[in-house]
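What follows is a set of structures for review.
Two complexes, one shared chain (chain A), two partners (chain B, chain C).
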Partner chain A sequence: MDFILSLIISGLMNGAIYGLVALGFVLIYKSSSVLNFSQGHMLLLGAYIFWFFRTAMGFNLYLALFLAVGVGFLVGILIERLTLRRLIGQPLISMITVTIFLSLVIEGFVSLIWGSYPLQHIAIFSNRCFNIGNCVLTAQNLYAFGLALTTALALILFFRYTNLGLAMRGVAEGHQTMQSMGISVKKILNISWGIAGMAATIGGIILGSTLGFQLGLSHIGLLAIPAAFIGGLESPEGAILGGLLIGLCESIVSGYIGNAAGVPAAFLILIVVMIFKPYGFFGLVKIERV
Partner chain B sequence: MLKLSNVEVKYADVILVLRGVSLEIAKGTIVSLLGSNGAGKTTTLKAISGLLHTELGEVTAGTIEYEGYRIDAMDPEQIAKMGIIQVMEGRRVLEHLTVEENLRLGGYIRSRDNIKKDLDMVYDYFPKLRSLRNSTSGYLSGGEQQMVVMGRAMMAHPKIMLLDEPSMGLAPLIVEEIFEIIRKFNTEEKSSILIVEQNARTALGASEYAYVLENGRVVLDGPSSKLADNEDIKEFYLGLSKIGEKKSYRDVKHYKRRKRWL
Partner chain C sequence: MANTSFYPPSGIYSDQYKKDMRIIKTKTQMIMSIAALIMLFVLPELPYVSGYILRLIIGAAIALIICLGLNILTGYCGQLNIGQSAFVMVGAFTSALLNSKFGLPFWATFILAGLAAAAVGVFFGIPSVRLKGLYLALTTLGAQVILTWVALFGFPITAAGFSVDPVKIGSIVFNTPEKFYYIAIPFALVMTFFAKNMMRSKPGRAFIAIRDNDKAAEGMGIDIFRYKLLAFAICTFYAGVAGSLLVHYMMWAQLESFTLQDSIWYLVMIIVGGFGSIEGTILGVIFITVLKEIIFVIGPIAEANLPFLPMGAGSGLLLIIIGGMAIVFLSVEPRGLAHRWNLFKAYYRLWPFGY
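Up next, the complex of A and B:
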C-alpha cells in the first residue's frame, strides 16, 4: 500500500513537470500548427541560464529566477524572429525540421559555454521532509509540484480570460481572418514563442533543482510529447492532465515491472490513445456542419 | 474617400487578374460591384484591404488612395487600423470560439473601454446574436454565421466596410434581412460600404452607385437605379428580356450569347 502510494506521489510530481513542458508545445502548436521539437532544449537552456545568474553571478534566488524567466522569454522571441518568421507560408515540414535541428544547436551552445559535465548542484527549495504514512515526501518535490501546477494554471487562465489570450486562440483558427480584423499575426506568434520560452525556463529551473543541472535535462522534452498528444495538442488543460497521466504511468510501471519499462510504457499509452482518439482527449475536433 | 486608379493586380508575378480597375467610393455611400465568376471582384476587395499580400498577389500598376494616403503597399493590419475592414467571402467565423469571443476580436484594435458599448451596438443590429452569444460559432446556421462576421466587422467601427458576397448560399428572406441591416448601419454609423455581389437585383436595390466588372475591367458604371434600367444589365444580370418581362427559355439560343463590352 505504501509502495503504491509513494509511486503515485512521485508520478504526480514528475507528471506536473511533464505537463508544464507539454504546455509549451501546446502554446506554439495552437497558434501556428508547428510542433516545436526544441522545447526540451529551450528548457535546458533556461535551467543553465538560471544557474548562471544564481551561481556564477551570485544573485539572490528571486532576482535570478526573475532574470532567468525574462531571458527565457527573450530566447523564445528571438528564435521566432530569426528562424520561423522567415518560414511563414512555407511547408510545415521545413518549420519542423528547423525546430529539430535548432535543438542540437542549443545543446551545442550550452555545452560550449558550460561544458558537458553536470554543474554544481543548487537547491532552491528547503530540504525538509514530510511523512505520509510510511512514505517520505520531500518539501522540494512538493514545492516543485506546486510551482509547476501554479504556472500551468496561470497560463490556462491567461488563455481564457485575457484579450491577448483570446487573440492567440483566434490566431489558431485562421491567420487571414485575424489579419482582416487588423490583428498582427506575426506579433501574436512572436509573443506565443516568448511565453513558451518562459514556461520552458520555469520547467528547467524546477527540474534542474531536483535532478541536477546537466545536459540530460532536455530528454524531458521527449516525454512531454506524449503528454501533449494525449491531452490533445490544442488544449492547455489537456496538456496538464496528459502530463500527470504519463508521470503516473511511468512511475507505476517502473516500480512494478522495472525501471527500463517506464518510458516505453508512456509511449505505448500514447500509441493506444492515438488509435482510439486521434485528436487526444481534449483536442479540438474540426467542426463539420451537415 | 477611397479611389482606385487603373489598378492592375498580378498573382505570383504571372496571372494578371485586374487589368486597370478604377473606381471611387464617396463618404457614407453604398457602392456595389457586380460581375460574374472570375471577373476580379474579390481580388479588387483584397487589393483594397491588403489581404492580397497574404496570397502572393501584388498591385503591379495604378494606385489605391484612401483619404489622401497611398495604401496599395501597406500590410492588411495597417489598413484595417486605418478603418477599412473586409468581411471575407464564405463566412469565416473563428469556429471554435463563441459568438461573443468572435465579436471581441473584431474590436481588438479599438480601445478596451468601448467594448461593452460596441457589443451592445452589434446586438442591437442583430438581436439574434444576443441570445447566441455563448454558443460555439462553428455550429451556427449559415445566416447566423453571416451575422457574426458582419457584426465582427462592425465592432471595429469601419470607415469603409468591404462585404464579399453576403448573400452567398442564404435563403431569400435572410438575404433581405441582412441587406436591411446593411442599409441601417450605413445611415446610422455613416460608414461607406462596398458590396460585391452575384445577386444583382438585391445589390442594385441597396446601393447608390454600381460598377460592373468583367475580365478584370470596369465595363459599366453609374447610379444603381439607372443601371437597373440598362438593357444589357437586365438581360445579363437580372434575367429579363428587352421588354422587361421574365425571359422564356424558348428564346434562349442553344449557344450562349455573350455581350462584348469593349
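Up next, the complex of A and C:
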C-alpha cells in the first residue's frame, strides 16, 4: 500500500513538471498550429543559460533567474525570427519539420559551448523533506508542482481574457484572416515564441536543479509530447491533466515493470487515446467531411 | 519554370504516349546512363579507390534504400515519418535472428525482413484512418520509442548484439567491402528502379493526390486509408530490406545503429535532396554522406587545435551544420537539390539563349 501511494505521489509531482513543459507545446500550438518538437531542447538551453549566469558569472540567485528568463524570451524571439518567419505561408508540415532540426541545432550549440559532459550541480530550492505517512515529499517537488499549476492558470486566463491571447487564438485559426483584420501575424508569432522560450527556461531551471545540468534534460520533451496530445493541444488545462496522467502512468509502470518502461508506456497510451479520441480529451474537434 | 524537368530538350518530339512516358528520352541520356552503370561496376577495380571509399559508398547505398522508402511515404504521400530507423531495426533483427537461429541464408531473409518490417509499419499506420499530419507523425515517433524499448528489454539477445553470417553465393563469401559492394549496388539500383516506376503508376499518382489535397482525392474515389497503408507498407518494406543488408554487411546486429537521431538524419537527406523526387533522394544521400564524412575529419582537428572548445565540441559542430542546413533548405529551397539540378539542366540546354 505504501509502495503504490509513494508511486502515486512521485508520479503526480513529476507529472506537474511534464505538464509545465506540455504548456510550452500548447502555447505555440494555440498561436500558430505548429508543434514545437524543439521544446525539450529550448528547456535544455534555458537551463544551461541559467547555469552560466549563476556559476560561470557568479551572479546571485534572483539576478541569475531574472537574466536567464529574459534571455530565454530573447532566444524564443530569435528562433522565430530566423527560422519560422521565413516559412509563413508554406505547408504546415515543413514548419513542424523545421522544429525537429531546430532541436539538433540547439543541442549542437549547447555542446559546442559547454561540452557534452554534465556540468557542476547547483541547488536552488531548499533540501527540506516532508513525510506523508511513509512517503517522502521534497520541497523541490512542491515548488515545481505549485509553479506548474500557477503557470497553467495564468495561461488559461491569458488566452481567455486578454486581447493578445484572443489575437493568438485567431492567428492559429488562419493567418490571412487575421492579417486582414489588421493584426500583425508576425508580431503575434514572435511574442508567442518569446513566451514559450520563457516557459521553457523556467522548466529547465526547475528540472536542472533536480536532475543535474546535462544534455539528457532534453528528453523531458519526449514525455511532455504525449502529455500535451492526450490533454488536447489547444487546452492549457488539458496539458496539466495530461502531464499528471503521464506522470502517474510513468511512475506506476516503472515501479511495477521497471526497465525504464515509462516512456514507451506513455506513447502506447498516446496511440490508443489517439485512435479513439484523435484530438485528445480537451482538444478542439475538427470535423471534416467529403 | 516549375516543371522544367518534364520537358525534353528541344527537337525531341513524341508521337506516341509510350515514348512520352519514357524515363530515358534521348540518345545522350541513354549513353550517359550506360556509361554511369559501367563506371559503377568497375569502380572497385580503379586505382585510388580504397576500402575506405567503398565503405562510404556501401553506407550511402544502404541509406539510399532507407531514404527512398521514407521519400515515398513522406515526400510523395505527405505523411511525416520520424521513426524510420525503428523500422530498419525491425528488418535488421528479423533478418539477423532468422540467420543465426535457423541458419536461413541472406537470400531468404531479406524478403522476410522486408515483410516483417512492412507488417509492423502497417500496424503503426492503422491510426491514419482517423489521424493525419502532425497527429500521425506522433505515432511514428511512438513507434521509434516503443520498438527500441522492445528490442532493448524484450529480448536479451537483441539488447546485447550478436554476430550474423555474411552473404554467400555458392562458394563466394561477400565478407569484405570490395566484395559486398557488388551486393549493395545492385540492390540500390533495383530498389531505385522500382521506386521510380511505382511513383509513375496508379499508386504513385494516388499518393501525390493524397499529399496535395486529401479531401479532393477522396472525392475522386481514391480510398485514402488503403493507399496510406500501402505507402506505409512500401516505406517500411524498403526500411526492412535495408536493415537486412546492413546486418549482413556489418556481420553484427546491434541496437546502437537505430536511434531517433538516425531517423532524423534520413529526414535531412530527403529534405536536402528534395521532397517527392527519386533523383533528389540520390543527390541528398550522397551530399549528406560526404558532408558528414568531412565533418568527422574536421571535428577532431578543430577540437585539438582550438583550445577554447570544450570536450565533445566536434559532435556539436556536426549537429549544427546538418540541422542548420536542413533548416536553410526548408526555408530557401523547399524542393531541394533535385530542383536546383533541373534548373541547371534547363540553363545549359538553353544556353546561350536562356532568358
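Throughout what follows, the second predicted complex is superposed on the first by the 285 of 290 C-alpha atoms of A that agree within 3 Å, B and C clash if a C-alpha of one lies under 4 Å from a C-alpha of the other, contacts with A are read in each partner's own complex, and residues count from 1 in each chain.
By definition in this document, a contact is a pair of C-beta atoms (placed from the backbone, for glycine too) under 8 Å apart; a residue touches a chain by one contact, two chains touch by 3 or more.
This is a predicted model, so every value here is computed, not measured.
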| item | value |
| --- | --- |
| Which superposed partner A:S184 touches (first chain B, second chain C, both, neither) | first |
| Which of chain B and chain C A:I275 touches, first, second, both or neither | second |
| Touched partner set for A:L102, first chain B, second chain C, both or neither | second |
| Contacts of A:G174 with chain B and chain C, given as first, second, both or neither | first |
| Partner chain in contact with A:L35 - chain B first, chain C second, else both or neither | second |
| Larger contact residue set on chain A - chain B or chain C | C |
| Partner chain(s) touched by A:Y62 [first = chain B, second = chain C, both, neither] | neither |
| Partner chain(s) touched by A:Y161 [first = chain B, second = chain C, both, neither] | neither |
| Residues of chain A contacting chain B in one complex and chain C in the other | none |
| Of chain A, residues touching chain C in the complex | 35, 83, 86-87, 90, 92-94, 96-98, 100-105, 107-117, 222, 225-226, 229, 259-261, 263-264, 267-268, 270-271, 274-275, 278, 288, 290 |
| Touching residues (chain side chain C, partner chain A) in the complex | 78, 80, 82, 124, 126-127, 130-131, 133-135, 137-139, 141-142, 145-146, 149-150, 152-153, 215, 218-219, 264, 267-268, 271, 309-313, 315-324, 326-327, 330-332, 334 |
| Chain B residues touching chain A - in the complex, by the definition given at the top | 49, 51, 54, 75-77, 79-81, 85-88, 92, 94-97, 101, 104-106, 108-109, 112, 136, 138-139, 152-153, 156 |
| Chain A to chain B touching residues, read off their complex | 163, 166-167, 169-170, 172-184, 284, 287, 289 |
